[in-house]
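Accompanying notes for the structure given below.
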Amino acid sequence: MERISGIMESVRKKVPLVHQITNYVTVNDCANVTICAGGSPVMTDEIGDAPVMTGFASALVLNIGTANARVVDTMIACGKAANDAGVIVVLDPVGVGATSFRSSAVDLILRKVDVAVIKGNAGEISIMAGEAGKVRGVDSVGGSGAAAAEALAKRTGAVVGMTGPVDYVSDGKRTYSLSNGHELMGRVSGTGCMLSAVVGCYVGTKGASVDSVGAAISAFCIAGDLAGEKARGPGTFKPLLFDALYNMDGKVADERRRYRSCTAST
Amino acid sequence: MERISGIMESVRKKVPLVHQITNYVTVNDCANVTICAGGSPVMTDEIGDAPVMTGFASALVLNIGTANARVVDTMIACGKAANDAGVIVVLDPVGVGATSFRSSAVDLILRKVDVAVIKGNAGEISIMAGEAGKVRGVDSVGGSGAAAAEALAKRTGAVVGMTGPVDYVSDGKRTYSLSNGHELMGRVSGTGCMLSAVVGCYVGTKGASVDSVGAAISAFCIAGDLAGEKARGPGTFKPLLFDALYNMDGKVADERRRYRSCTAST
Amino acid sequence: MERISGIMESVRKKVPLVHQITNYVTVNDCANVTICAGGSPVMTDEIGDAPVMTGFASALVLNIGTANARVVDTMIACGKAANDAGVIVVLDPVGVGATSFRSSAVDLILRKVDVAVIKGNAGEISIMAGEAGKVRGVDSVGGSGAAAAEALAKRTGAVVGMTGPVDYVSDGKRTYSLSNGHELMGRVSGTGCMLSAVVGCYVGTKGASVDSVGAAISAFCIAGDLAGEKARGPGTFKPLLFDALYNMDGKVADERRRYRSCTAST
């Protein structure tokens, strides 16, 4: 895979504007992590405002964590605006499969919008891949490894990032497992949402690929490793995570990175 | 009262899913405190999504802090779904009495939904108890002690938790004062909302009782004590509060706990 | 200019209630910074609730960062309620000029509501002043210094606070540059929104003037200086910023303050 350091440098140089329609639980952390990753966040979900803003952005991140009917309409409108303007769309299908509202919202977005990246947890990706996966609330239980990521990438044409104790990234042809990350990341609300924001920065700079999505996942998880070494719990972990991402040295990131190819088919 | 340690261990073992329809000011802190208390949070207020999610939960927390007409409708729908499914309902009547909208919302919820726990500050509980209390904005001024908590518990059949310099818990028959907590808890926005999330974890695990609600209040306030010993102000206090709750040793909690019976009647 | 220390003491003594209709990205930080500045926050945007709450407040802060059509209606209603009740109105025109929705919202508010203070970044104030300014997303690029602040103050009759590497405050007659602040303030989402909350506390206590708005800007930026000396990045900076504002010694603030008169005309 392409090194993190080079991609990270490009992101920091470009400062990509990342339009995010996300949930009200983690939106502040998403804005701050975007800045720490080298991007510039803008959040708006008013249908009379948001599609115009999408046009200024380098990437659009759609996160259905607390979406309501009004916001789903805005997501579709912004997704179309993004497609028209060549803005890359990232989908975070939070809790898909848990309720029919969420599943329908995801189906609708995938039908109406050309989504370049799908980033979800193991349960979400497994369900979207049509495999046996179980979603309880918005957190995943179980999941099914690299095969699910690869299958979903093949079916949708999107690059798929799948998080869990081990993370996976696949474009349907190349699949990698990524093994950085600290257990405290699972003890802070919204680390998944934050990762989608980081992915938005990276694909908004370098385009959507296994390399750019993989670099975003690894960079964020390495920040987690670094923060986890100093934190005393979930509370002190979060500010340290932001600092670690903001201060990250590209060379250190390259060295710390752990991944291997695990393409299931071909 | 039943020891904190045993209840806390049960919560951590069960990891109860707590569905929260809460305000957008403190929702992120509520999610994080839920995790630190041993639970798993889910937030959604779309009427087409939320009642289904309620059915998966162990407790439903309704907080009217920034409720609007749309969200009150969702609260009623979720409250009914909770009652149908045997999911325990906790009400946090933020700012009740300050405006007729808030008072009407609380009245409506109490009429349509079987609420098992009411957790509010001294002003809110006093007003709901029909006593002289004054609410300015969403913070309480004044208040009237154990009698108000006991009266409201008797009138509604709910377990009542009432916070202030001294906290009270009552089911109408047994009433206790609880004396842990640090003054910096009053200098951070949303500690009341966070406590309701913790109460959701505890009653979602052990059912609604003076013991479970009292244990939640004491555990959260002891975390406040521990955080207050190290914090330099409200900013550094909050992450330390989360860490303290997450790392809390049950035995230490039992030792630090301060309470006494103060049943006013019977 | 009037000293910070005296104004700060008055704010802490009064504990002004500041009603804020603000964006869901930074609302929690706005609530906490209000407390740290010595005020008491209340957030509500339901049209059946909010105008009543405005009547209890000392100041009303309108921030259009993530406003939607429903919320703009509430802003107008609350603005009128504030004018009727003698409550001071502060407007933060986030992203004005970036989209027609935002520009129309600002125009509408200025037509329907008597706004006493406008607090924006260089790009926003320049655009409102009718000068060449460029807004990309909600962050400003470029800007035009003291003249823009003074021109907007003259045109609207409001006291104008304009932030950037150097900040300005003007009532159209007196204009000052204010030079405190740390670069990490620009690496945390919502410091502009937080400043508007602090301005709300100060003008809600002492009325809207170059002195009160200038004191709020300086106090907040001095807190930034103090926090920046200890922080290791944007993550640890934010809690330290809150602590610094909360613990601020008036005398230290007076000593650290850097400003000079730069009235362009007269």
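For clarity, chains are labelled A, B and C in written order, and residue numbers in each chain start from 1.
Everything below uses one rule, namely that a contact is a pair of C-beta atoms (placed from the backbone, for glycine too) under 8 Å apart; a residue touches a chain by one contact, two chains touch by 3 or more.
Computed from a predicted structure; not experimentally measured.
Peer 1: Going by the touch rule set out above, what shape does the chain contact graph take here: line, ring, star, complete or other?
Peer 2: complete
Peer 1: Taking shared residue numbers divided by all residue numbers at the interface, is the value for subunit A and subunit C over half (same) or under half (different)?
Peer 2: different
Peer 1: Subunit A to subunit C: how many Å between their CA centres?
Peer 2: From the centre of subunit A to the centre of subunit C is 33 Å.
Peer 1: Going by the touch rule set out above, which residues of subunit A reach two or more other chains?
Peer 2: Subunit A, residues with two or more chain partners: 24, 28, 238-239.
Peer 1: Touching residues of subunit C toward subunit A in the complex: what are they?
Peer 2: 23-26, 28-29, 65-69, 95, 98-102, 136-139, 187-190, 232-236, 238-239
Peer 1: Can you tell me which positions in subunit A touch subunit C when the two form their complex?
Peer 2: Where subunit A meets subunit C, its residues are 17, 19, 24, 27-28, 31-32, 34-36, 40-46, 48-49, 52-53, 56-57, 70, 238-244, 246-247.
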